[in-house]
Amino acid sequence: MQQAQHKFSIKTSGRGFTEFTGIVRGFLTRHPCQTGLMTIFCRHTSASLLIQENADPSVRRDLETYFERIAPESPIYEHATEGPDDMPAHIRTALTQTHLSIPVMDGELALGTWQGIYLFEHRRAPHTRELILHLIGE
Amino acid sequence: MQQAQHKFSIKTSGRGFTEFTGIVRGFLTRHPCQTGLMTIFCRHTSASLLIQENADPSVRRDLETYFERIAPESPIYEHATEGPDDMPAHIRTALTQTHLSIPVMDGELALGTWQGIYLFEHRRAPHTRELILHLIGE
Amino acid sequence: MQQAQHKFSIKTSGRGFTEFTGIVRGFLTRHPCQTGLMTIFCRHTSASLLIQENADPSVRRDLETYFERIAPESPIYEHATEGPDDMPAHIRTALTQTHLSIPVMDGELALGTWQGIYLFEHRRAPHTRELILHLIGE
(Lines give C-alpha, C1' and ligand atoms only; values in the text may rest on other atoms or scores of the structure.)
Protein backbone atom coordinates (compact mmCIF):
# COMPACT_ATOMS: atom_id res chain seq x y z
CA MET A 1 0.00 0.00 0.00
CA GLN A 2 1.33 3.42 -0.90
CA GLN A 3 0.40 7.06 -0.62
CA ALA A 4 1.09 10.14 -2.70
CA GLN A 5 0.23 13.79 -2.13
CA HIS A 6 0.30 16.93 -4.21
CA LYS A 7 -0.37 20.56 -3.29
CA PHE A 8 -1.13 22.90 -6.19
CA SER A 9 -2.90 26.15 -7.02
CA ILE A 10 -5.60 27.14 -9.49
CA LYS A 11 -6.03 30.76 -10.56
CA THR A 12 -9.71 31.63 -10.95
CA SER A 13 -11.05 34.58 -12.92
CA GLY A 14 -13.89 35.36 -10.51
CA ARG A 15 -17.18 33.58 -9.94
CA GLY A 16 -17.72 30.34 -11.77
CA PHE A 17 -16.39 26.88 -12.50
CA THR A 18 -12.88 25.78 -13.40
CA GLU A 19 -12.54 22.14 -14.44
CA PHE A 20 -9.38 20.38 -13.23
CA THR A 21 -10.15 16.71 -13.91
CA GLY A 22 -6.99 16.65 -16.06
CA ILE A 23 -4.78 17.66 -13.13
CA VAL A 24 -6.16 14.81 -11.01
CA ARG A 25 -5.74 12.31 -13.87
CA GLY A 26 -2.16 13.55 -14.48
CA PHE A 27 -1.29 13.03 -10.79
CA LEU A 28 -2.64 9.46 -11.00
CA THR A 29 -0.52 8.86 -14.13
CA ARG A 30 2.61 9.95 -12.21
CA HIS A 31 1.63 7.79 -9.20
CA PRO A 32 0.05 4.76 -10.82
CA CYS A 33 -2.11 2.47 -8.72
CA GLN A 34 -4.63 -0.20 -9.70
CA THR A 35 -6.99 0.13 -6.74
CA GLY A 36 -7.19 3.08 -4.40
CA LEU A 37 -8.92 6.19 -3.14
CA MET A 38 -8.26 9.72 -4.42
CA THR A 39 -9.22 12.61 -2.14
CA ILE A 40 -9.33 16.25 -3.23
CA PHE A 41 -9.34 18.97 -0.58
CA CYS A 42 -9.95 22.72 -1.01
CA ARG A 43 -8.17 24.89 1.58
CA HIS A 44 -10.71 27.76 1.46
CA THR A 45 -14.10 28.74 2.84
CA SER A 46 -15.18 30.94 -0.07
CA ALA A 47 -14.51 28.49 -2.90
CA SER A 48 -15.56 24.85 -3.09
CA LEU A 49 -15.58 21.61 -5.08
CA LEU A 50 -18.24 19.92 -7.20
CA ILE A 51 -18.46 16.92 -9.47
CA GLN A 52 -20.80 17.97 -12.28
CA GLU A 53 -21.60 17.35 -15.92
CA ASN A 54 -18.65 18.17 -18.18
CA ALA A 55 -20.49 17.94 -21.50
CA ASP A 56 -22.90 20.86 -21.94
CA PRO A 57 -21.56 24.16 -20.47
CA SER A 58 -25.14 25.42 -20.02
CA VAL A 59 -25.35 23.16 -16.93
CA ARG A 60 -22.67 25.25 -15.24
CA ARG A 61 -24.27 28.52 -16.30
CA ASP A 62 -27.60 27.39 -14.83
CA LEU A 63 -25.85 26.27 -11.62
CA GLU A 64 -24.20 29.70 -11.28
CA THR A 65 -27.55 31.42 -11.78
CA TYR A 66 -29.15 29.09 -9.26
CA PHE A 67 -26.60 29.84 -6.54
CA GLU A 68 -26.98 33.57 -7.28
CA ARG A 69 -30.68 33.11 -6.62
CA ILE A 70 -30.55 31.07 -3.39
CA ALA A 71 -27.49 32.82 -1.91
CA PRO A 72 -27.60 36.35 -3.32
CA GLU A 73 -25.57 39.36 -2.34
CA SER A 74 -27.69 41.29 0.12
CA PRO A 75 -27.42 43.97 2.83
CA ILE A 76 -28.95 41.54 5.37
CA TYR A 77 -25.64 39.89 6.24
CA GLU A 78 -23.74 40.96 9.36
CA HIS A 79 -20.44 39.70 7.89
CA ALA A 80 -19.29 41.82 4.94
CA THR A 81 -15.63 42.42 5.82
CA GLU A 82 -14.42 41.77 2.31
CA GLY A 83 -17.45 43.16 0.48
CA PRO A 84 -21.00 42.13 -0.44
CA ASP A 85 -19.79 38.89 -2.08
CA ASP A 86 -18.06 37.73 1.13
CA MET A 87 -20.94 36.09 3.01
CA PRO A 88 -22.67 34.61 -0.09
CA ALA A 89 -19.32 32.90 -0.80
CA HIS A 90 -19.30 31.24 2.64
CA ILE A 91 -22.92 30.13 2.18
CA ARG A 92 -22.28 28.63 -1.27
CA THR A 93 -19.27 26.78 0.16
CA ALA A 94 -21.45 25.38 2.96
CA LEU A 95 -24.01 24.13 0.42
CA THR A 96 -21.42 22.37 -1.77
CA GLN A 97 -18.20 20.44 -0.98
CA THR A 98 -14.82 21.16 0.60
CA HIS A 99 -13.55 17.65 -0.20
CA LEU A 100 -14.28 14.89 -2.70
CA SER A 101 -13.23 11.24 -2.60
CA ILE A 102 -13.21 9.18 -5.79
CA PRO A 103 -12.26 5.48 -5.98
CA VAL A 104 -9.49 4.40 -8.33
CA MET A 105 -10.52 1.23 -10.21
CA ASP A 106 -8.39 -0.70 -12.73
CA GLY A 107 -5.86 2.11 -12.63
CA GLU A 108 -8.38 4.86 -13.51
CA LEU A 109 -10.47 7.40 -11.61
CA ALA A 110 -13.90 5.76 -11.37
CA LEU A 111 -15.74 8.86 -12.63
CA GLY A 112 -18.89 8.35 -14.68
CA THR A 113 -18.87 9.23 -18.39
CA TRP A 114 -20.20 12.76 -17.87
CA GLN A 115 -18.56 13.60 -14.55
CA GLY A 116 -15.94 16.33 -14.34
CA ILE A 117 -14.19 17.72 -11.25
CA TYR A 118 -14.67 21.47 -10.74
CA LEU A 119 -13.38 24.21 -8.53
CA PHE A 120 -16.33 26.52 -7.82
CA GLU A 121 -15.08 30.08 -7.17
CA HIS A 122 -17.59 32.12 -5.19
CA ARG A 123 -15.82 35.48 -4.97
CA ARG A 124 -16.23 38.14 -7.68
CA ALA A 125 -12.53 38.85 -8.02
CA PRO A 126 -9.89 36.44 -9.38
CA HIS A 127 -8.25 34.38 -6.64
CA THR A 128 -5.47 31.81 -6.34
CA ARG A 129 -6.90 28.69 -4.67
CA GLU A 130 -4.83 25.98 -3.01
CA LEU A 131 -5.92 22.38 -3.43
CA ILE A 132 -4.46 19.12 -2.11
CA LEU A 133 -4.63 15.68 -3.71
CA HIS A 134 -4.18 12.60 -1.55
CA LEU A 135 -3.95 9.11 -3.02
CA ILE A 136 -3.81 5.83 -1.13
CA GLY A 137 -3.77 2.45 -2.84
CA GLU A 138 -1.63 -0.12 -4.59
CA MET B 1 -3.88 -3.49 5.10
CA GLN B 2 -6.23 -4.58 2.34
CA GLN B 3 -8.63 -3.12 -0.15
CA ALA B 4 -11.82 -4.35 -1.80
CA GLN B 5 -14.00 -2.80 -4.47
CA HIS B 6 -17.43 -3.49 -5.92
CA LYS B 7 -19.30 -1.92 -8.82
CA PHE B 8 -23.05 -2.47 -8.90
CA SER B 9 -26.28 -0.95 -10.20
CA ILE B 10 -29.51 0.16 -8.61
CA LYS B 11 -32.69 0.49 -10.66
CA THR B 12 -34.73 3.45 -9.55
CA SER B 13 -38.43 3.98 -10.25
CA GLY B 14 -38.17 7.74 -10.76
CA ARG B 15 -37.75 10.54 -8.25
CA GLY B 16 -37.19 9.54 -4.68
CA PHE B 17 -35.05 7.56 -2.25
CA THR B 18 -33.83 3.97 -2.52
CA GLU B 19 -32.15 2.61 0.60
CA PHE B 20 -29.13 0.37 -0.02
CA THR B 21 -27.57 0.09 3.44
CA GLY B 22 -27.99 -3.69 3.14
CA ILE B 23 -25.83 -3.84 0.00
CA VAL B 24 -23.00 -1.99 1.77
CA ARG B 25 -23.29 -4.22 4.86
CA GLY B 26 -23.31 -7.33 2.63
CA PHE B 27 -20.12 -6.19 0.90
CA LEU B 28 -18.46 -5.72 4.31
CA THR B 29 -19.57 -9.21 5.34
CA ARG B 30 -17.88 -10.66 2.23
CA HIS B 31 -14.71 -8.59 2.86
CA PRO B 32 -14.48 -8.54 6.65
CA CYS B 33 -12.27 -5.97 8.31
CA GLN B 34 -12.10 -4.78 11.91
CA THR B 35 -11.04 -1.18 11.26
CA GLY B 36 -11.31 0.65 8.00
CA LEU B 37 -12.97 3.22 5.78
CA MET B 38 -15.87 2.50 3.41
CA THR B 39 -16.42 4.94 0.54
CA ILE B 40 -19.50 4.99 -1.67
CA PHE B 41 -19.37 6.79 -5.00
CA CYS B 42 -22.24 7.62 -7.39
CA ARG B 43 -21.20 7.81 -11.07
CA HIS B 44 -23.94 10.29 -12.08
CA THR B 45 -24.72 14.01 -12.02
CA SER B 46 -28.51 13.69 -11.85
CA ALA B 47 -28.71 11.27 -8.91
CA SER B 48 -26.89 11.53 -5.59
CA LEU B 49 -26.27 10.01 -2.16
CA LEU B 50 -27.56 10.88 1.30
CA ILE B 51 -27.35 9.44 4.77
CA GLN B 52 -30.73 10.04 6.35
CA GLU B 53 -33.17 8.70 8.91
CA ASN B 54 -34.30 5.17 8.08
CA ALA B 55 -37.09 4.92 10.65
CA ASP B 56 -40.05 7.13 9.67
CA PRO B 57 -40.64 7.27 5.87
CA SER B 58 -42.31 10.69 6.25
CA VAL B 59 -38.79 12.16 6.59
CA ARG B 60 -38.02 11.13 3.01
CA ARG B 61 -41.39 12.36 1.73
CA ASP B 62 -40.73 15.77 3.33
CA LEU B 63 -37.20 15.83 1.89
CA GLU B 64 -38.56 15.13 -1.60
CA THR B 65 -41.12 17.92 -1.21
CA TYR B 66 -38.41 20.26 0.05
CA PHE B 67 -36.13 19.67 -2.93
CA GLU B 68 -39.13 20.14 -5.25
CA ARG B 69 -39.60 23.51 -3.60
CA ILE B 70 -36.01 24.81 -3.65
CA ALA B 71 -35.07 23.30 -7.03
CA PRO B 72 -38.33 23.17 -8.99
CA GLU B 73 -38.85 22.42 -12.65
CA SER B 74 -39.04 25.79 -14.36
CA PRO B 75 -38.75 27.37 -17.81
CA ILE B 76 -35.94 29.63 -16.51
CA TYR B 77 -33.18 27.07 -17.14
CA GLU B 78 -31.05 27.28 -20.25
CA HIS B 79 -30.18 23.57 -20.04
CA ALA B 80 -33.21 21.36 -20.76
CA THR B 81 -31.76 18.85 -23.22
CA GLU B 82 -33.41 15.89 -21.56
CA GLY B 83 -36.57 17.67 -20.42
CA PRO B 84 -37.73 20.00 -17.66
CA ASP B 85 -36.47 17.64 -14.93
CA ASP B 86 -32.90 17.71 -16.33
CA MET B 87 -31.50 20.89 -14.73
CA PRO B 88 -33.32 20.49 -11.36
CA ALA B 89 -31.63 17.05 -11.18
CA HIS B 90 -28.16 18.61 -11.56
CA ILE B 91 -28.98 21.24 -8.92
CA ARG B 92 -30.25 18.65 -6.41
CA THR B 93 -27.09 16.63 -6.99
CA ALA B 94 -24.94 19.73 -6.33
CA LEU B 95 -26.79 20.34 -3.03
CA THR B 96 -26.36 16.77 -1.77
CA GLN B 97 -23.51 14.21 -2.09
CA THR B 98 -21.75 12.30 -4.85
CA HIS B 99 -19.68 10.31 -2.35
CA LEU B 100 -19.92 9.21 1.27
CA SER B 101 -17.20 7.84 3.54
CA ILE B 102 -18.13 5.84 6.63
CA PRO B 103 -15.63 4.42 9.14
CA VAL B 104 -15.66 0.69 9.88
CA MET B 105 -15.32 0.10 13.62
CA ASP B 106 -15.16 -3.30 15.39
CA GLY B 107 -16.03 -4.95 12.09
CA GLU B 108 -19.21 -2.90 11.52
CA LEU B 109 -20.18 0.22 9.59
CA ALA B 110 -20.12 2.98 12.20
CA LEU B 111 -23.57 4.31 11.25
CA GLY B 112 -25.73 5.78 13.98
CA THR B 113 -28.87 3.93 15.08
CA TRP B 114 -31.19 5.84 12.73
CA GLN B 115 -28.84 6.34 9.78
CA GLY B 116 -29.55 4.65 6.45
CA ILE B 117 -27.66 5.04 3.16
CA TYR B 118 -29.83 6.25 0.28
CA LEU B 119 -29.58 6.75 -3.45
CA PHE B 120 -31.53 9.92 -4.27
CA GLU B 121 -32.90 9.73 -7.81
CA HIS B 122 -33.64 13.19 -9.23
CA ARG B 123 -35.03 12.30 -12.68
CA ARG B 124 -38.74 11.61 -13.22
CA ALA B 125 -38.19 8.42 -15.22
CA PRO B 126 -36.74 5.15 -13.87
CA HIS B 127 -32.96 4.92 -14.33
CA THR B 128 -30.21 2.39 -13.73
CA ARG B 129 -27.55 4.01 -11.53
CA GLU B 130 -23.99 2.76 -11.15
CA LEU B 131 -22.36 2.92 -7.74
CA ILE B 132 -18.91 1.93 -6.52
CA LEU B 133 -17.93 0.72 -3.06
CA HIS B 134 -14.31 1.03 -1.93
CA LEU B 135 -13.07 -0.45 1.34
CA ILE B 136 -9.63 -0.05 2.86
CA GLY B 137 -8.68 -1.48 6.24
CA GLU B 138 -7.57 -4.57 8.10
CA MET C 1 0.59 1.95 7.01
CA GLN C 2 -1.43 2.30 10.18
CA GLN C 3 -4.92 3.21 11.31
CA ALA C 4 -6.35 4.81 14.43
CA GLN C 5 -9.92 5.45 15.47
CA HIS C 6 -11.64 7.44 18.18
CA LYS C 7 -15.29 7.70 19.19
CA PHE C 8 -16.24 10.72 21.27
CA SER C 9 -19.18 12.96 22.15
CA ILE C 10 -19.85 16.68 21.97
CA LYS C 11 -22.54 18.30 24.08
CA THR C 12 -24.32 21.03 22.16
CA SER C 13 -26.38 23.82 23.72
CA GLY C 14 -29.03 23.89 20.98
CA ARG C 15 -28.88 25.28 17.46
CA GLY C 16 -25.55 26.52 16.26
CA PHE C 17 -21.90 25.74 15.69
CA THR C 18 -19.40 24.06 18.03
CA GLU C 19 -15.80 24.09 16.84
CA PHE C 20 -13.83 20.91 17.54
CA THR C 21 -10.71 21.39 15.40
CA GLY C 22 -8.66 21.03 18.61
CA ILE C 23 -10.06 17.55 19.29
CA VAL C 24 -9.05 16.38 15.79
CA ARG C 25 -5.58 17.93 16.15
CA GLY C 26 -5.18 16.32 19.60
CA PHE C 27 -6.05 12.89 18.15
CA LEU C 28 -3.41 13.37 15.44
CA THR C 29 -0.86 14.34 18.10
CA ARG C 30 -1.57 11.08 19.96
CA HIS C 31 -1.37 9.06 16.69
CA PRO C 32 1.34 10.88 14.76
CA CYS C 33 1.63 10.28 11.04
CA GLN C 34 3.45 12.21 8.32
CA THR C 35 1.08 11.51 5.41
CA GLY C 36 -2.46 10.28 5.70
CA LEU C 37 -6.19 10.87 5.54
CA MET C 38 -8.37 11.95 8.47
CA THR C 39 -12.09 11.24 8.23
CA ILE C 40 -14.70 12.67 10.61
CA PHE C 41 -18.13 11.07 10.76
CA CYS C 42 -21.28 12.33 12.52
CA ARG C 43 -23.63 9.54 13.68
CA HIS C 44 -26.81 11.65 13.47
CA THR C 45 -29.38 12.88 10.95
CA SER C 46 -30.31 16.10 12.75
CA ALA C 47 -26.79 17.47 13.27
CA SER C 48 -24.02 17.74 10.71
CA LEU C 49 -20.46 18.81 9.95
CA LEU C 50 -19.00 21.85 8.20
CA ILE C 51 -15.59 23.28 7.55
CA GLN C 52 -16.00 27.04 7.81
CA GLU C 53 -14.17 30.22 8.67
CA ASN C 54 -12.89 30.22 12.25
CA ALA C 55 -11.88 33.88 12.42
CA ASP C 56 -14.92 36.16 12.48
CA PRO C 57 -17.87 34.66 14.45
CA SER C 58 -20.30 36.75 12.39
CA VAL C 59 -19.83 34.21 9.57
CA ARG C 60 -21.43 31.52 11.74
CA ARG C 61 -24.23 33.84 12.87
CA ASP C 62 -25.04 34.65 9.23
CA LEU C 63 -24.92 30.94 8.33
CA GLU C 64 -27.37 30.14 11.13
CA THR C 65 -29.71 32.90 9.93
CA TYR C 66 -29.40 31.65 6.37
CA PHE C 67 -30.36 28.06 7.26
CA GLU C 68 -33.29 29.41 9.31
CA ARG C 69 -34.42 31.15 6.16
CA ILE C 70 -34.08 28.34 3.62
CA ALA C 71 -35.17 25.54 5.98
CA PRO C 72 -37.54 27.20 8.44
CA GLU C 73 -39.81 25.61 10.99
CA SER C 74 -43.20 25.37 9.34
CA PRO C 75 -46.53 23.52 9.64
CA ILE C 76 -46.12 22.19 6.08
CA TYR C 77 -44.02 19.18 7.11
CA GLU C 78 -45.63 15.77 7.52
CA HIS C 79 -42.85 14.61 9.87
CA ALA C 80 -42.97 16.45 13.21
CA THR C 81 -42.63 13.57 15.66
CA GLU C 82 -40.14 15.39 17.84
CA GLY C 83 -41.52 18.89 17.32
CA PRO C 84 -41.42 21.67 14.74
CA ASP C 85 -37.61 21.70 14.67
CA ASP C 86 -37.45 17.99 13.73
CA MET C 87 -37.87 18.13 9.95
CA PRO C 88 -35.86 21.37 9.43
CA ALA C 89 -33.01 19.55 11.22
CA HIS C 90 -33.10 16.67 8.70
CA ILE C 91 -33.16 19.15 5.80
CA ARG C 92 -30.21 21.15 7.13
CA THR C 93 -28.29 17.90 7.57
CA ALA C 94 -29.06 16.91 3.96
CA LEU C 95 -27.75 20.29 2.72
CA THR C 96 -24.47 20.06 4.65
CA GLN C 97 -22.13 17.14 5.51
CA THR C 98 -22.30 13.94 7.53
CA HIS C 99 -18.59 13.23 6.94
CA LEU C 100 -15.44 15.19 6.17
CA SER C 101 -12.08 13.91 4.92
CA ILE C 102 -8.96 16.03 5.38
CA PRO C 103 -5.47 15.04 4.17
CA VAL C 104 -2.61 14.93 6.68
CA MET C 105 0.50 16.52 5.18
CA ASP C 106 3.91 16.85 6.85
CA GLY C 107 2.37 15.57 10.07
CA GLU C 108 -0.38 18.24 10.18
CA LEU C 109 -4.02 18.50 9.15
CA ALA C 110 -3.89 20.22 5.76
CA LEU C 111 -6.56 22.81 6.71
CA GLY C 112 -6.29 26.27 5.22
CA THR C 113 -5.39 29.20 7.46
CA TRP C 114 -9.02 30.16 8.14
CA GLN C 115 -10.62 26.72 8.16
CA GLY C 116 -12.12 25.31 11.34
CA ILE C 117 -14.05 22.05 11.81
CA TYR C 118 -17.56 22.53 13.20
CA LEU C 119 -20.40 20.42 14.50
CA PHE C 120 -23.62 22.07 13.32
CA GLU C 121 -26.45 21.32 15.76
CA HIS C 122 -29.87 21.70 14.11
CA ARG C 123 -32.18 20.89 17.05
CA ARG C 124 -33.36 23.61 19.46
CA ALA C 125 -32.58 21.64 22.60
CA PRO C 126 -29.10 20.67 23.81
CA HIS C 127 -28.01 17.23 22.56
CA THR C 128 -25.07 14.88 23.01
CA ARG C 129 -23.67 14.05 19.56
CA GLU C 130 -21.42 11.09 18.79
CA LEU C 131 -18.59 11.56 16.32
CA ILE C 132 -15.97 9.17 14.99
CA LEU C 133 -12.45 9.99 13.83
CA HIS C 134 -10.65 7.60 11.47
CA LEU C 135 -7.02 8.07 10.51
CA ILE C 136 -5.06 6.07 7.97
CA GLY C 137 -1.48 6.84 7.02
CA GLU C 138 2.13 6.46 8.01
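We call the chains A, B and C, going by the order they appear; numbering starts again at 1 in every chain.
Methods note: contacts are C-beta pairs under 8 Å (C-beta built on N, C-alpha and C of every residue); 3 or more make two chains touch, one makes a residue touch a chain.
Predicted, not measured: the structure shown is a model, and the values here were computed from it.
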Numbering shared by both copies at the chain C-chain B contact, with half separating same from different: different
Rotation angle superposing chain A onto its copy chain C by C-alpha atoms, nearest 5 degrees: 120
Rounded Å distance, chain B centre to chain C centre (Cα mean): 20
Shared interface positions of chain A, touching two or more other chains: 1, 37, 70, 95, 97, 101, 136
Chain C to chain A touching residues, read off their complex: 1, 35-37, 50-53, 56, 58-59, 61-63, 65-66, 70, 95-97, 100-103, 105, 110-115, 136-138
In the complex with chain B, residue positions of chain C that touch it: 1, 3, 5, 7, 37, 39, 41, 43-45, 70-71, 76-79, 81, 87, 90-91, 93-95, 97-99, 101, 130, 132, 134, 136
